[in-house]
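Before any comments, here is the structure.
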Amino acid sequence: MTKKTINLKSAIKKQFRSQRQIGKAPGTITYMGNREDGKYAVTVIDYSEDLFDFQTLTKVEDALTFKEQVNVTWFNVYGLSNEKEIDKLGNYFNINPLVLEDIVNTNQRPKIDEYDDYVFATLKMLYLDKDYEIATEHCAIILCENNVLLFQEIELDVFEGVRDRIKNKYGRIRTRQSDYLFFALIDAIIDQYFVVTENIAAKIDALEEEVYNHPDQATAEKIQKLKKEVLSVRKWVVPVKDLVNRIIESEHHLITKETKLFLRDALDHSIQIHENIQLYRELITNLMEVYMTNMSNKMNEVMKVLTIIATIFIPLTFIAGVYGMNFRNMPELEYRYGYHVVLGLMLVIFILMVLYFKRKRWF
Amino acid sequence: MTKKTINLKSAIKKQFRSQRQIGKAPGTITYMGNREDGKYAVTVIDYSEDLFDFQTLTKVEDALTFKEQVNVTWFNVYGLSNEKEIDKLGNYFNINPLVLEDIVNTNQRPKIDEYDDYVFATLKMLYLDKDYEIATEHCAIILCENNVLLFQEIELDVFEGVRDRIKNKYGRIRTRQSDYLFFALIDAIIDQYFVVTENIAAKIDALEEEVYNHPDQATAEKIQKLKKEVLSVRKWVVPVKDLVNRIIESEHHLITKETKLFLRDALDHSIQIHENIQLYRELITNLMEVYMTNMSNKMNEVMKVLTIIATIFIPLTFIAGVYGMNFRNMPELEYRYGYHVVLGLMLVIFILMVLYFKRKRWF
Amino acid sequence: MTKKTINLKSAIKKQFRSQRQIGKAPGTITYMGNREDGKYAVTVIDYSEDLFDFQTLTKVEDALTFKEQVNVTWFNVYGLSNEKEIDKLGNYFNINPLVLEDIVNTNQRPKIDEYDDYVFATLKMLYLDKDYEIATEHCAIILCENNVLLFQEIELDVFEGVRDRIKNKYGRIRTRQSDYLFFALIDAIIDQYFVVTENIAAKIDALEEEVYNHPDQATAEKIQKLKKEVLSVRKWVVPVKDLVNRIIESEHHLITKETKLFLRDALDHSIQIHENIQLYRELITNLMEVYMTNMSNKMNEVMKVLTIIATIFIPLTFIAGVYGMNFRNMPELEYRYGYHVVLGLMLVIFILMVLYFKRKRWF
Amino acid sequence: MTKKTINLKSAIKKQFRSQRQIGKAPGTITYMGNREDGKYAVTVIDYSEDLFDFQTLTKVEDALTFKEQVNVTWFNVYGLSNEKEIDKLGNYFNINPLVLEDIVNTNQRPKIDEYDDYVFATLKMLYLDKDYEIATEHCAIILCENNVLLFQEIELDVFEGVRDRIKNKYGRIRTRQSDYLFFALIDAIIDQYFVVTENIAAKIDALEEEVYNHPDQATAEKIQKLKKEVLSVRKWVVPVKDLVNRIIESEHHLITKETKLFLRDALDHSIQIHENIQLYRELITNLMEVYMTNMSNKMNEVMKVLTIIATIFIPLTFIAGVYGMNFRNMPELEYRYGYHVVLGLMLVIFILMVLYFKRKRWF
Amino acid sequence: MTKKTINLKSAIKKQFRSQRQIGKAPGTITYMGNREDGKYAVTVIDYSEDLFDFQTLTKVEDALTFKEQVNVTWFNVYGLSNEKEIDKLGNYFNINPLVLEDIVNTNQRPKIDEYDDYVFATLKMLYLDKDYEIATEHCAIILCENNVLLFQEIELDVFEGVRDRIKNKYGRIRTRQSDYLFFALIDAIIDQYFVVTENIAAKIDALEEEVYNHPDQATAEKIQKLKKEVLSVRKWVVPVKDLVNRIIESEHHLITKETKLFLRDALDHSIQIHENIQLYRELITNLMEVYMTNMSNKMNEVMKVLTIIATIFIPLTFIAGVYGMNFRNMPELEYRYGYHVVLGLMLVIFILMVLYFKRKRWF
């Protein structure tokens, strides 16, 4: 009971947090996450085919020097709780306040919005943390002419591969425009989804083994927990399919036909992710069904044991009870072999019963 | 039995109420709610970038003076049971009788209708009342040139934030036209849906804790009650997605391209609400499944206890019964250690049984 | 066994009835209902803004005099089993035989068909009969220039409101053309659906109360009966949404733009009806689930009582059995306080058992 | 075990049969049915408004004489296992080998294909055999200019009505072109589906009666068997809706606008069939649910009887056991009315128990 | 417990394997299968109407000589783990790196991609291995002008029929262009799906027989295993429908109108496959339901046996217990026929009980 009160309180607290946003004017920048330490940093990767530069911005104003260059510049913003700095940065790039609001809204659903001068996408990074548990991080990407702005909460991310490819000139990334970087970031996020779905697949395998070989009461809870996990992964992952599709169908001048070819591949991956998740849901439902069937078969077995024992011994006990009565005049008691006859009778009943159950295939 | 009769009567009464409408000509204004006290008031907020005026209308005729001005005017009508006054107001603004019928029909499904001179939208406000229970209020909004008419049943509403923003010149609302106010009102309603869905999420969390740790018979009823609540919220909330989408795709002259940008954001929120509600339904279904599994596991456990006790003691009791028989000639009874041998035999059977159940993992 | 045979026979009889139609040429007029008394009557309401006339046609030829006039004329045909008369009437109005076939086919699915000179719609009237049970009546409407032909089986119908409005000049019906009458009839039918769905809602409420407070074996059957009722209502009601939508999107010259505005309202109602029915289905499924959970909880309770009693007394009875054995050498029997020690031992076992069950929260 | 092996063998055999087709070039004519007796016959009905001729073709070459005439000619081919003759006939009419392949493929899904000179449709005839069981026959129809070719396996079919109408000049069939005959054949097939669905409906009624009044273990199997039957009917019947719709939307020169009017009617019927089948599936699911609930209620009742008896008599037997012990010093045994007091005590316990169960409403 | 750890490890290992791909630049060729022996071979079938040539390529450079000819050339690449050779071959044909990546990605979802000079399709071959188990092989096909490149993992494949038809000039394949070969390969793959679905159908039949006649605990696991198998088949087979449809709707210059006619047939087959799989899923769900019902009926039967025995003998044993008490003053014990009267009483109770159960139809 006290537990429930605590839960209700936490519920109210939760509502309070999100109510910070509610009632405010649209376009008000309000951080919705739970990392309010105000940490904030911007790193810059500036590159062209021949050039590579990596810096940490000390003043947001320095962003302007990179903005005007023809080189592709990747601004990587860490920390979303510093609403003021993000507002300032957004103004330098003429970003619509509605977009800035979505950047810091960590509950924002994956989506893509096109504006005249830029394209805005927001997704969730999913990855496995140190304990091989699925972790979620909010992430927002803005594609401008020659610039890509990436906003994330913490320094841990899924983009190390992209940074390596830029730094070491792997693949074709150094020779392409900002829209290819934009694609590469989204592609890196989607790629990581496969790690997550394979982690789910592995958990399903482990649970399947458990269900078939040594199910106990905890098994059902594990299955249901996994089901919930799949549901929450699906929530973030399914809209990505539409997102990528809309970039492909977009006619925005910043997105080149060549990059769309690569996006088609990313679309394909997101469809595959989607199908996998559907499959996992069905597999988990199956698993639960197997578990329930097993439980019910066990119950059946327990009932059979009870029934066999009771059905055999209750009548025998009755017979013993009859000859344990103290009537003065019970002729059988006086017979020389009365006792042996009764014992024999009991044995016959016992054997008949056993045969009956055998024929019924109860054991 | 008497209970059922009472219910049937209330059913008939209900039908009677809604039958007031049935059979009448379309466009007949008939109040369908249950607050028939006839309370009725109209407040007016009149504003432009430099001007702010708040009044309570005493005569409906005064509305005309505001109607003609270039300032944006927000007419807020409280109380829908006064059919005559609403009819009069509607005539001043040339509102189609079909619209007036929908305004006072508190069972009206959320929808949007475009007319030549105005756009009509009706939705439900959802909010948490003092006991943190979900409450519903009917609400209708008409967007005219320079005017917005808002109809609601009681003074409690979700628009305080909008009024503040107008009064205190927060955000951009004072610089925009009536269509931005129209959007701001719809946005305020949708924003409040998040409070409601988070309340549902909190209840699911609390119930989940209950199901896993101390389920009882009331738990199932709580889950089903919550499921019903989600169903009724969904009924009012799901059509809003289409509603907002139709405003965005509308080509009505009163809705500017700039406001559509904001509406895109509202659309996004309503999609998110929809997805949340779908998710909650699945979570609740899961919860019920967990509950059923727990119950069935408990039953299993009860059966096992019964079976273990019965299976061990019924055969032993039978043996005791045999040696309680009164046959004259029962040689074992005369043996010196007959009693001790039988006791030993019983102990052996007891131990064998226990080992059998151990091997079967019954405890 | 005999029962099943009877059922099969009725099944064959049924097939026979519908086979009257099968194998015939398309466009053959074959009455499919079960009111074959041949009763047949035609009433005429003839009106314009200034004129109102009500007659009962004695000869079908008289229809022609009304047909040519500019006034709107509503021909109301009662009784569909008189195939010859309907054929004759159809010929006067140049109605396609396929349409006539559908008019008398009481199993016809709701649909709309446009022909060059007329529009044909068929729906089902649903209403509550005297015992508040849901009744269904077949109904067909033909919209011609200046004329509306309405075909129904019996005189009981849902159009009294429309007749009143024409007679008493309520609303705008007297000032409009035949397409408004056409709409008004469809609207009256749809309006009545609300009475039916509210009746279902009331039954759900009553059953809910029964399930929670005093469920018995009959409850499940009542729930399933209601579910079946909802399914059969849905069958007739769901196609109406498409039907109305197709009239709205039709470009038939007989349907004016003004009437389409009203049809939009009817569409809205039919969507709401559809949503309600979906909701009721889910509520009924919920109800069944609650019922099953209640039953299973009751079973649990029964099992617990059995287990507690058996688990406490079976071991005690065993002890009593041991000391009821007749061995000559049983030293405990000779002890002075042997009996009292054993009674005490039994009491201790009893208390331990009760404590065990308390800790298990079995009572 | 042996059973399973047999099944597996039959499975392999089945695969063998269909593998006859697999690996061959597309357009290879391979009979897939199981009536390989090679029986083959072609009848010809040749008609115009004034002419009617019925023949049995002895040589396939004679078909050519009919082919060129302006009269409508209906070639009816019985027997599909004679691949050579069908190939020959197909060549006379310039039929694509792919079409000929589909004609003899009795597993072919219902579909329509348009070619330059002809339209090809394949469906399944469903009808009730002598034992009122649902039977399926493959059927293929080709519409050419002035000719219709109908292919079926056996002489039993659903087209007697069409033949009658041609022979006896019923309806309009003699005055129309080959496309009307094409429609009439499809219409006859669809009409027959109603007989089948009504047979299903009758079986549902009979099973419903059985479930409510005298369910036994066989009932569940009957329900499941019916469910399977509905699934297999659905498989053949559902694609027909699309098939008819595609003829209506087709712009093939052989299909006249007038015939499309009739096809609209057939479309309507196929939609109704589809809806009926959906409804039956839901009704059968309901039925199964009712059955399960009944079973579970019965189980409850059995458990109650057991619990009542055991709970009443186990404690009483314990008391009797106590006073059956043989301790030397048991003072109660010596009391004058000890026996009567104990009997009274037992009666009191008995009555208390009965009252307890009454209050619990267990009987 | 140790088991679970092992599973988790294998899960991590699995992730490791697929992570080889993740983080790399798009277009990097990374083999994803599990046949890393590096085996690699290319065979060439070169044909025109009059010419047939079969070779095994020793150097990949030789491919160029075939490439330029007007004859249709079918390059068949066995072994996908040799990434270098595939890259080289790809370069000769100007294949996009993204395509090469998909060719060696054995987890790739079936899809079709059109490029300017070629069309790329990837599907899964499904066939039955020696133990009649369903096996899956990755397969990729590229259609170029005059050339078709086929990539597969092992030499076992489903294309023997196509090779035969080319070699022996069966059918029309030798007279057509490369797009017909492309179609023929896809058609051969789809044809083989029928073997797989019929294998599933046969397993369902066998399981059905088992469920109805001798279900045991293993049956449920077999059903669930089959269900999982169907799910995994569906995963690879369902996208093929869209794939074929997209080729048909494609306007790529390499795909001729004539071949599209044949593709329509393949589309038809893939739709039928899809429908079959849906049907199998429903049949398996039914099967599981029957199984559960059977189990629950068996449980019922067990409970009845227990209840009958216990209910009859517990009261009788109680009576025997009463007359086994050792009270000094128990007058009945002294009666001459006390014993016989009690025996008679027991018999009467026994008979009454049996009659009661008979009336309840418990046996």
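Note that the chains are named A, B, C, D and E in the order they appear, and that numbering of residues resets to 1 at the start of each chain.
As a working rule, a contact is a pair of C-beta atoms (placed from the backbone, for glycine too) under 8 Å apart; a residue touches a chain by one contact, two chains touch by 3 or more.
This is a predicted model, so every value here is computed, not measured.
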item	value
Chain C to chain E, fewest steps along touching chains	2
Proportion of interface numbers common to chain B and chain C (over half same, under half different)	different
Fitted rotation between chain D and its twin chain E in degrees, CA, nearest 5	70
Averaged-CA centre spacing for the pair chain E and chain A, given as whole angstrom	26
Between chain B and chain D, centroid-to-centroid distance (C-alpha), Å	42
Chain A residues counted as touching two or more neighbouring chains	296, 299, 303, 306, 310, 314, 317, 321, 324-326, 330
Arrangement of touching chains [line / ring / star / complete / other]	ring
Ring path (origin chain C; first step to chain D)	C, D, E, A, B
Residue ranges of chain B touching chain A (in the complex, touch as defined)	128, 132, 160-161, 164-165, 170-173, 184, 187-188, 191-192, 194-195, 198-199, 201-203, 205-206, 209-210, 212-213, 261-262, 264-266, 268, 271-272, 275, 279, 282-283, 286, 289-290, 293-294, 296-297, 299-300, 303-304, 306-307, 310-311, 314-315, 317-318, 321-322, 324-330, 362
In the complex with chain E, residue positions of chain D that touch it	3-4, 7-8, 10-12, 14-15, 18-19, 21-28, 96, 98, 101-102, 107-109, 111, 113, 217, 220-221, 224, 227-228, 231-232, 235, 288, 291-292, 295-296, 298-299, 302-303, 305-306, 309-310, 313-314, 316-317, 320-321, 323-326, 330, 332-339, 342-343, 346
